[in-house]
């Protein structure tokens, strides 16, 4: 259980800047996800930490040891690969035992056996020790890869999209199991994924990457509820966010969002929208930012339902607002809403996000009046460790 | 736009029964998903329909034509493959034009060009006609594959996991787009997937497969809310369902579910649980089957929180009940619930499912008193077409 | 934990540089090992006859001359060269044509006895050529194809098709079957699918197997020397073998002819070698 | 117009003396016979006879083919040769037949009383020497009539001039490779009593005193006296000739057929070499002088036999033989050619020497036996003695077995 | 939809009758099968027939039954050639594989330099064996003086490489290694490249050093490639004619006469076609044993993931 620090770490491949001056502190025992689209530099970060690649600039610390130039086998780091990278010619037992056997001084065979059996039992692989990887299901292979990483009690675990080869169902279960495992072994875990749901559900903190740059580093709650910029806002959440450009105006003593075709009142206990009055802003609307209301008129948007999507317990309703903006919101699964229906949508100001249209950065700080609210997610996440 | 009928169709590979006496009616213009885990016979069904494989037994009708023994090129069916199967040595234009050029009598080139441009515009590919597949993003490739299928206006579209190669974000968007497309072109679509969320959100009806057998064929709403058996119940829904075995008992004039460690009252307006009183049942609990309540005592289960998962607007709380059952339920994202907390969970009887512990089949029919409720999903789904 | 502000030392950089120097050295040794005999032959071919046998030998010709090359062309080495080209091209076309169709059938079409056929192919690839020459000559003479380029083309194709089938078979298997299924559903026949979809995508496989046929057809002398008697149909290796002939080892013309025969293969090969390797690696030796 | 095809190992498009001669011969003949074209299809010399014999079965043979001495028996066995008596010899006046001074070669391909091939030019092996080197060492070439004399001379002549550990000039060069063989001392030694060699119809005794003497002598040249490089075991007469041309042998075995070639190429000067007859143990008579060379035959089933006969007539006639000798640099088969004034000059001394030797001790293997591999077997026996230290008698017995096996 | 139509079943006729799809498939393979039967299998059968006769100048003169076989397997020349072939094949195989493996490992990465050096290394393999052996013969011959320059300094200025059994065999092996290492390299390279790089990354992170990785990851995963290279090279070395025919002529004293050359000499020098065909059939049978290996590998390869 060790902390990890990146200090202004950059990595270039030819002209391409794969990682741009990364600063990242991971506390001992944390479960940190690196989240971002393909090619954003997540794997590069992991490979630099593992020593599979060397940083062009900057320092990488594992605990209080500077590891630049230290070869992978000396970093005391374990890694689980997206493809699992199980040795196909070795049994499960041999795969798990490999890290012990590769190292000097030799661990006695009896000792190895004891350790392997213990790890295998922990992961529910006890029965499978004599099998070859190709005789295992995806989930079992994934657990063998974990076992191989766990066997030598490393300082840090690195996991590179370990779930992305599994089917939807299994992925969900493994996500849960991984989290429990972390709770039990309490080691430092760095987890790479491009699936925001995965990152959200498992991590104590999430580092969101885009184009080699760290965008935001915070707890899942904060990432979701206080995204630092439009990229983060759009990347997390099950569905894409809808952006509407407009102006915040003071009208008839009320703060309103004016977007050409419609005006909406902005009123929330914890926020003070009047601070940004007069500004051009980009509003980000998630599913929960709108709700269907009976009342019509100036307090709601009259929209036409374009599509409905049953989604488990909910029904997701897509509707187009005057001016063409595509909005969406949740309804009860049983709700009788059909395509072509007119619905009135009202804003849930607590769940609306505002960004500067020029930079894309959040202007939440200008609005929030209750500072403790902004730390809520953080506090909670720490509880999870 | 044509209907499709399977009549007792079976397909064997050696000793393995890949498809076991399938009966399936697909109405003209429907969007039907074949849903099931890997190896359950979905692709086999599709291949039999396309003519890429021949059925061992049974009849396959496309419209009022028996197509057994008809070669693929004569079935007037279009197919989109999981890998897209774009011809890498042809441009987007040539790819889309390919099916037209294959057929006699020859379509004049001018005509071909007009058709291709129309389809490409419909799919937003107008700018990309001169590119090669490898110069396209995954989503664009996917649309080219669609275009190639649409170009010759086939009777039926077959789509074999067309989204599974896309990343989570894009998958969500393409799902939405596909559904819109279907609304526009109104053709019969058979869609294979193992992702229940996909099937739920797009289909007018879903055929759930397991081990070569059709498990249930109904609207998404019905599949989710009235699963025919434990397999279906567990396979659909974002998270796995929790099963608890117990007895339905009449206690103190109240219907109760007795599961050894805890008893829960069963009360719902639309259901009559007294009909199954005394029976051993297996209860299936989804996230929405339980809710956190203030009240304690006999009406609620006192459980210990084992894990919390931020999931966008919600917080999913996992808790273990006395007796060890792992339960889960939703809470507000901001809720202050931490691991180790005690929470009281009460049942939401409308969202509880009951199965026969021996056969795994639903016993919902024995409970439901309002027959129209069971058709709700169906009606709604039809609206979507 | 203290974080040093001094720039990080990078000893691994220096290690990398010395490793690349060693690499270059090894590469040089490989090149020398592979090319020395050929360069020595080249040097010999450029020496006047009198200098060829002098001791100590001149590594670089002191009086370079093209007389041996001139002599070769005056005495008509053109004919064998043209013959070799004809035979090579003919053999490549024939064996790729027949081989591709057969390989596709084995890879994708249903028929009983496929396993037997595959065994047949592997067996064919393992027949020792010398043991075939005498009976083959008898046979060819009987159908009046001995002493003709057609006969040679047929023979070379027969000897190389199994290998072509083997490479292309694995290559076709490695192509995604969905492409073919798509073409079938789009309305193409099997043969059209092969022509329009499979073959255009099999570049590396075709080139690799084609190169094998070319190198065999261009280089063979064991078969040609037995089958060909007339000067008109002599191929290049037979002509070269002729310089080992009755009236002495004419090292000058011999090495010159050798160099002439080497240059085209090397040119073709260097041009295509990328495919040679990828075709081989995805084809004949890996499935 | 008829085209007569001919297989030979020569290529009229090339430039060696015999090839030039052939080209001229064809040109002259075609000029004289405008309705006949002669087409040469050059062949690999080693496979040419075999292909011809096989072609007799399968068709596709040329009208005319050249055959070497060792394959004449094959011509008989295969039955591919046309009756040349009928075709031409019978039309010849008697003096023409008598013109062939070596009767053995004229009749070499006579089977069942019928000639199936006639000699084009006679060949054989002989000893070449370097005039300048012998003179320098004070050796009189005329004294080299015995094997012992050769040995002594070779010892004197073997030299490492620059002391670099590599012999620059070897005393005596021999071709002892098992393939493409030329006469070796062992064989010549055996032929000192040719009568004792064949003990029956195609039965041979090699492990005689003469055989042992010859093989021991040969091996000693390499191992004991070191006047012959061990290379000899793997090189053939072509290599030996190349080495001689390069000045690396003072004395060497060589083929008559190459005389003019050596003259053209020798680095040490065209006049600085000459030949002597084979030595013998006693020195009373020269050693046996094997008679070989090339014969020419016509294909029995040729559709153009008459035309082929015409060309044969020309090629074998005085003009043809004259060309072979003057332009081609060969030893003529006809006395009349040799006696003509054109050949009076000293540059033809060597030809007369050859003819003289054949007259004294000329020898031809019995054409009815398969002697193709005899010399090869002897060479292998020599190699066995040199490399494996095998007893000479044992080695020769092995060779006897091989010979018997080949019959 | 008209109901009650009979369900068409696949026609179930005689076991040997062709299904329609099979008939089409056969059209695809027929040219291949015909050309092979006519030009390879046919002649082989003819040779088999010849092997029971005394053949003189291509005429079958008398039936000999198995005599030819007996003569061949008791002939000292053939026995000697088997010994020479065994030595040659085994030594050449070992060296070729070692060099090939070294080349493959050294040139595995697809850098520009490596691609170029690979092409260079392949040159001896793609040029004519005749030409290659010829050039080597020229190098090893005493005529050229090349070896004298090389060997002179160690006092072997007069050593004739090709005239000494030991060094002639070494030269023959050199010829094989020089030419065929590139083939081994290609096959092994294919094997190397089929190993996912992530396995090496995993092994590095797991703490395995370079040698340990080579021994525990590279070698076991290349087993199949190595076996393929072994079998194919072995078949090649056992049968090869050109090396010994051109380079050493089988000498000295038969030390480098391989079975390929023995076959050639029997057939084309001694014209004992009966014996030659008998030996050819024996060599062929031996090849079949090697082929059996090949087939086993092939089957295993199809099963391998």
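First chain written, first letter: the chains are A, B, C, D and E, and each begins at residue 1.
Basically, a contact is a pair of C-beta atoms (placed from the backbone, for glycine too) under 8 Å apart; a residue touches a chain by one contact, two chains touch by 3 or more.
None of these values were measured; they are calculated from a predicted model.
Undergrad: Determine the set of chains touching chain B that also touch chain E.
TA: Both chain B and chain E are touched by A, C, going by the contact rule given at the top.
Undergrad: Would you mind checking the shortest number of contact hops between chain B and chain C?
TA: Graph distance in the chain contact network comes out at 1.
Undergrad: If you tally contacting C-beta pairs, which comes out ahead, D-E or C-E? Let me know.
TA: More C-beta contacts join the chains of C-E.
Undergrad: Measure off the straight-line distance from the CA centroid of chain C to the CA centroid of chain D, and report it in whole Å.
TA: 40
Undergrad: Can you compute the centre-to-centre distance for chain A and chain D, using the mean CA position of each chain? Integer Å is fine.
TA: Inter-chain centre distance comes to 93 Å.
Undergrad: If you average the Cα atoms of chain A and of chain B to get two centres, how far apart are those centres in Å?
TA: Here the centre of chain B sits 26 Å away from the centre of chain A.
Undergrad: Give the residues of chain D that touch two or more other chains, as numbers and ranges in rising order.
TA: Counting only residues that touch two or more other chains, chain D contributes 47, 54, 57, 166, 239, 242-243, 246.
Undergrad: Two-or-more-chain contact residues of chain E, please, as numbers and ranges.
TA: In chain E, 58, 143, 148, 268 touch at least two other chains.
Undergrad: Under the definition above, what is the set of chain A residues touching chain B in their complex?
TA: 37-38, 167-169, 172-173, 176, 179-180, 183, 194-197, 200-202, 220-221, 224-225, 235-240, 286-288, 306-313, 316, 318, 330, 333-334, 336, 338-339, 351, 376-377, 380, 383-384
Undergrad: Which positions of chain B touch chain C when the two form their complex?
TA: Checking each residue of chain B against chain C gives 50-52, 71-73, 75, 77-79, 81-85, 87-89, 98-99, 102-103, 148.
Undergrad: How about chain C: which of its residues touch chain E in the complex?
TA: So the residues of chain C in touch with chain E come to 23-24, 26-27, 30-31, 33-38, 40-41, 44, 53-57, 98-99, 101-102, 104-106, 109-112, 117-120, 122-136, 138-139, 154-155, 157-159, 161-162, 165, 190, 211, 215, 218-222, 226, 237, 240-241, 244, 249, 251, 254-255, 258, 261-262, 265-266, 269-270, 273-274, 276-277, 280-281, 285-287.
Undergrad: Per the contact definition, I'd like the list of chain C residues that touch chain D in the complex.
TA: 49-50, 53-55, 71, 75-76, 137-138, 141-142, 144, 146-147, 225-226, 229-232, 234, 238, 241-242, 245-249, 251
Undergrad: What does chain E use to touch chain D in their complex?
TA: Within the complex, chain E touches chain D at residues 56-59, 71, 75-76, 141-143, 148, 152, 155, 157-158, 160, 162-165, 168, 248-255, 265, 268-272.
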